[in-house]
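Here come two complexes built around chain A, the first alongside chain B, the second alongside chain C.
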Partner chain A sequence: MAEDRILLSLRDLKKWYSIRKGIFGKTVYVKALDGVSFDLRRGEAISLVGESGCGKTTLGRTILGLEEPTSGKIIFDGREIVNSDKKLMRWYRRQTGFVQQDPFGALPPFMTVKRILEEPMIINKVDKRERRERIYKALTEVRLTPVEDFLNKYPHMLSGGQQQRVVIARAMILNPKLIIADEPVSMLDASVRIEILTLLKKLQKLHDISIIYITHDLSTTRYFSEWIFVMYAGKIVEKAPVKELLKNPLHPYSKALLAAIPDPDARNRFIIRELPPGEPPSLIDPPKGCRFHPRCVHKIKGLCDEKEPPEIEYEKDHFVSCWLYVQER
Partner chain B sequence: MSFLKVEDLYLYYRTRMGTLQAVDGVSFSIKKAESLALIGESGCGKSSLAKCLMRLLPRNVELFKGHIYLDGSDLMELSDEEFRKTIRWQRISMVPQAALNSLNPVIKVGEQVAEPLLIHKSIDKKEALERVRELFSLVGIPQAFMDRYPFELSGGMRQRVIIAMALIMNPEIVILDEPTSALDVLIQASIMNMLKRIKRESNLTFILITHDVSISSELADKVAVMYGGQIVELNDAESFYKSPLHPYSQKLMASVPSLREDKQPEYIPGAPVSLINPPKGCRFADRCPFRTEKCSEEPPLVSLKDGNYVRCWLYAR
Partner chain C sequence: MAGIAILLILVGISIYTITTIPYERATYLWQAGKGIWLDNPRNALPSWMNLFLPKKLPETIILDTAEKQRGVTKIVVPFGKTMSKVIMELTFNYEYDDFPSEINLFYSSKFTSTPPQLTVYWVKPNGEKFKLKDLTLSEKGAYYISNDEELAKTLINHIREKLGEEPEYGITTEIALFAKEDKSILKKETVSPLKGKYRMAIEGMLFEKDSDVNVKLVVYGKVYGMAGTDHLRRDLMIALLWGTPIALSFGMTAALSIAVLQMIIAATSAWFGGRVDFILQRLTEINMTLPFLPILIMIAVFYKLNIWTMLLVIVALSIFGSGVKTYRAVFLQVKEFPYIDAARSYGASSLRIIFLYIIPKILPTIIPSLVLSVPDFVFLEAALAILGLGDPVAPTWGKIIDDAFSAGALYKGYFYWVLEPSFLLILTALGFALLGLSLDKIFNPRLKEV
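The block that comes next holds the complex of A and B.
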């Protein structure tokens, strides 16, 4: 991977939340992120896929600087972000945009669309004329046109899809290099979903931005990202180019995820799908060794339940953390 | 012989903006043990149709008329009291949308599920709990969970409890309103597996309401596509998923991102039609790529085989 094309690098990123059990009990940790490393290139999109509680939202928030990592490194555009000074942090915040899951909750109900878009620019001291220009440009780009019709509307006057466009316009308004979109379409209808994702894809290409698309829905990843990273219980278990992963998933968990999603077909109703038993583990006391081993049909006794699997590059650009693919174990 | 037959059903709401035509002349019929999927975008009237069947109506109803024949007798002729005593939950029951957090937090789930048996059927508690135990194994809840409280259960398990509640009175029809939309894919698939097993092993008739076309194909023998308060296509699953007829059905299908095929999903331009003062003629006309002048007139119901139909001028002879 050409070094200069890399925008964001994570190295062994951890986020542990401490909780106390009982009043005098000892402190235990919820290991929401437990050693995440990856590189994201400029202008590319990653889909971060996993079930609720796997740490994908925590990862997004930690990258954005909304959560302080417990340890590890975040390197953005060559600069170390964790524990950096205020000035660098302010610069970093301008480089990143956030698109939340619930657009209505993400927009202040008492502000007009114009004011919502203006706010980040006022904070970052953009002058008035430029503010106006950028608002017009942003609303045009998210296709809320004619712009005049939307400037003075309040969030409740917009449909869910339009609200999400405002959230996207706000995330884009400071010309960031990285957008983190956390389940941006899960609350929208199927057709509107595709519309919003198509829009995000277009903006990504137009401005050469990188996107981390956090989702539990594998089916939307294919057309809207270059990479899929699969997360399970605080760790990334597989990374690969989208089509490669969808065609040839390696990790038993990725395989299970893929097999669970139906394509519309009348034969589905006669098929009982094979699924891994049980549910994801607690992050307070995750299983020893591979975290998926209690649910895995390919478990190798004495190995998977003892030692954590290393990440290996199985094929070019296709990484997996699973003992099944380790030659010398 | 149809088991449930709905004929010319209307449900209008009074709102400050005017009359909202949530269900506007809906007709369909299903056989016993047949499953119907009701699909469409938010606000198309699917949940309102479920409210009609359960007669769980809000206070601002302006118009509620038509016929709902269950096994030949018209439920619309029953008084509210008769409906409550003999139909709702006993013959037609429902898993409401987003019900995950509606369990009573201070009662053990086994007892919560048993409650209607104790109230409606004169059986003792031991017997009722025995019935719940059987039901729990049917819906895939471990026996030990009988004595747990809702907060001790995961989302998937709570949804199974709610499904058990809908089944406890031994109904003939169960309406499932978005039963898996708040759940993760693996849990979603395991709940669909469970429903498929129940369907295979019993005589239950399911009505599955969902906006997710892929999920609908997990259960549907028959599909009804709703748009703007009307059913625009009623078709058998085999024909529907292979070649949907109504332009809206086709567009809906094209918006489904396929995991396995290289097919760019498309979105439907424009916004869903308003149910307050909807336009005359075909309600989808404004977004339809095949629109002709005729479409400003009310489209005919073109009959297909087995009482199925499509509401579109394209197929009129």
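The block that comes next holds the complex of A and C.
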């Protein structure tokens, strides 16, 4: 991994929300992120998968600076972002784009498409002539053409797919280096999902953007990304190239996730899928040791429920945090 | 639609008023200084009342020898070296079914040392002639015929002698001068004016060469203008007209500025949260527990407020009102919308988010309630005026009601005095209410089905 190719590095990133129980109760913490580290190279896409409530969205928001991390480092393009000064933060905001889940909610309902796309540029002081050019370029790139037809429309006049294209155009308009796409297609019709994903992919290649694609749907990741990171209860439990992970998942949770992908084949109708039993763990009081151990079928008594597993590189570029693959226990 | 029509009419009245009667003129007229209103009757009904009444009430008749007028003649005949004789005749037709409310003769004369002398005669349509009075003129003055008690006694004696019977009620000078002199005059229920041509004949002497005299006879009617007059002979129309722009601008400014300021406070509170939220909310709660009207009255008593400072005080007392709570509740929801996150992610400042992202989201929903709240402030102004705490100078609807109330208008039957401003107040409220309700249907179509 050549260092100069690295765009974003997270080091032991933690986000704890404090909650006070009762009037005199002590403060407890919801550990939404509990020590996340990874590197993201320029022009590459990561898929971040995991079940609801595992901290995917919090991770995305923390990277974007919408949430203040409790501890840890975010290093973007060689610069430390957490607790940085305003000037650097403004620069960082230009380098990142945000594509949200609900396209209608992500667009201010009282602004026209033109105004929506103009806003980021007004804030970042792009002059008026260039604004116009960039709007045309962005709308053409997301294939909302002829552009004039869309400029003066309000979000509610557009279809879901068109709204999401506007959201993508807005995320792209400041020419960012990193885009965080938080379940960008989960609220769209199945028919437009692939379209939006291939569009994102195309734009990524065109502008050499890195993308963090947050999803709970493993089946869309292969269209999209080079890497899959599997998250469980605020931690990344497995990192691997897409093909490698889909072919050979190591962590019992990754295996379970893969097994849960429905395969439309008539022969499967009598197969009862083996899913991990139980509920996702509480983030306030996570299980001791490996967080997956209460649901794990392979757990090793006295180890998995006592000590947290270290992250090991099982094969080249394939990292896993599981005691099963640690040679010297 | 009806709401818009009513408001357009009111706005039209306002524009007309502002362009035709300047504010300074209106307040000057309303203060009724220097006898500007002397030619108006007191407490006259509006003249359109004649359309509904079986009796035709008299209008005011003014005859002035200084102006060229029909029925007015003035002849000056010189005799001797410096003296001259003056004969003036003021003739008018009286075709009404009721008596005038008052009769005055105003005069002005020019002399250096010896004042002119006049003798005033009254000639009824049937030719009967009374001598009213001998006058020695001052430079400017009036002979208040209605108040001349000696004349009244003489006239009553005349009636007693003519009919041989005692009248059953106190006959006033106006009745005596205008009534039919038969049995009907003895009873209050039957007495009626004699219709026809009346004449005031004035003969006099001018003792100096350059001496001159002019008189103005005012037979005050019982109806006046579009709106009638009050106890100070002021034309109510002025206050009714000027009350319109004042009420509209007062109500709208108050409603709008309070709503905007409350929204800004609520948005700040909801957006920043934490300590800012705590302080703003506690301030609001404290302010909400303080009684609004008593404080306002207290301030108005201590500092005689004009209408615009009163507006400021009302706004200042209201900005930390219950609206802050309602708006904050909505803003807390709006704050969590994904597009706010998106705005933050591309670097929008808090100020920008509050003004361009949070507040516009709820603007359409609050416009109807804003319109509906305008009459509250119009009424508040009127209420304060009725309590005697209004602007001492500005002619407003509330002032009229206040005057009417303190002059006991309702006991004396001057219903128009109270009803006219009340009608306009109700009309304003109705206009804004109708507009607000129809705007509500346009802006919040989802509420239609409910």
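Methods note: the second predicted complex is superposed on the first by the 329 of 329 C-alpha atoms of A that agree within 3 Å, B and C clash if a C-alpha of one lies under 4 Å from a C-alpha of the other, contacts with A are read in each partner's own complex, and residues count from 1 in each chain.
Quick note on the criterion: a residue touches a chain if its C-beta (ideal position, glycine included) is under 8 Å from a C-beta of that chain, and two chains touch if they have at least 3 such contacts.
On a predicted model such as this, the values are computed, not experimentally measured, just so you know.
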{"item": "Joint occupancy of chain A by chain B and chain C, clash or fit", "value": "fit"}
{"item": "Partner chain(s) touched by A:Lys137 [first = chain B, second = chain C, both, neither]", "value": "neither"}
{"item": "Partner chain in contact with A:Asn268 - chain B first, chain C second, else both or neither", "value": "first"}
{"item": "Contacts of A:Asp189 with chain B and chain C, given as first, second, both or neither", "value": "first"}
{"item": "Touched partner set for A:Gly105, first chain B, second chain C, both or neither", "value": "second"}
{"item": "Chain B versus chain C as contact partner of A:Glu119, first or second or both or neither", "value": "second"}
{"item": "Chain touching more of chain A, residue-wise (chain B, chain C)", "value": "B"}
{"item": "Touching partner for A:Arg11 - first (chain B), second (chain C), both, neither", "value": "neither"}
{"item": "For chain A as apex, the angle formed with chain B and chain C - C-alpha centres, to the nearest 10 degrees", "value": "80"}
{"item": "Minimum Cα separation, chain C to chain B, after superposition on A (Å)", "value": "12"}
{"item": "Footprint overlap on chain A, where chain B in one structure and chain C in the other make contact", "value": "none"}
{"item": "Of all residues in chain A, those that touch chain B in their complex", "value": "51-52, 159-161, 189-195, 198, 216-220, 222-223, 246, 256-266, 268-273, 275-276, 279"}
{"item": "Of all residues in chain A, those that touch chain C in their complex", "value": "61, 64-66, 89-90, 93-94, 96-98, 100-102, 105-110, 119-120, 123-124, 167, 170, 174"}
{"item": "Touching residues on chain B, where the partner in the complex is chain A", "value": "35, 41-42, 154-156, 184-190, 192-193, 196-197, 199, 211-221, 237-238, 240-242, 251-253, 255-261, 264-268, 271"}
{"item": "Chain C residues within the chain A interface of the complex", "value": "337-339, 341-349, 352, 356-357, 360-361, 363-364"}
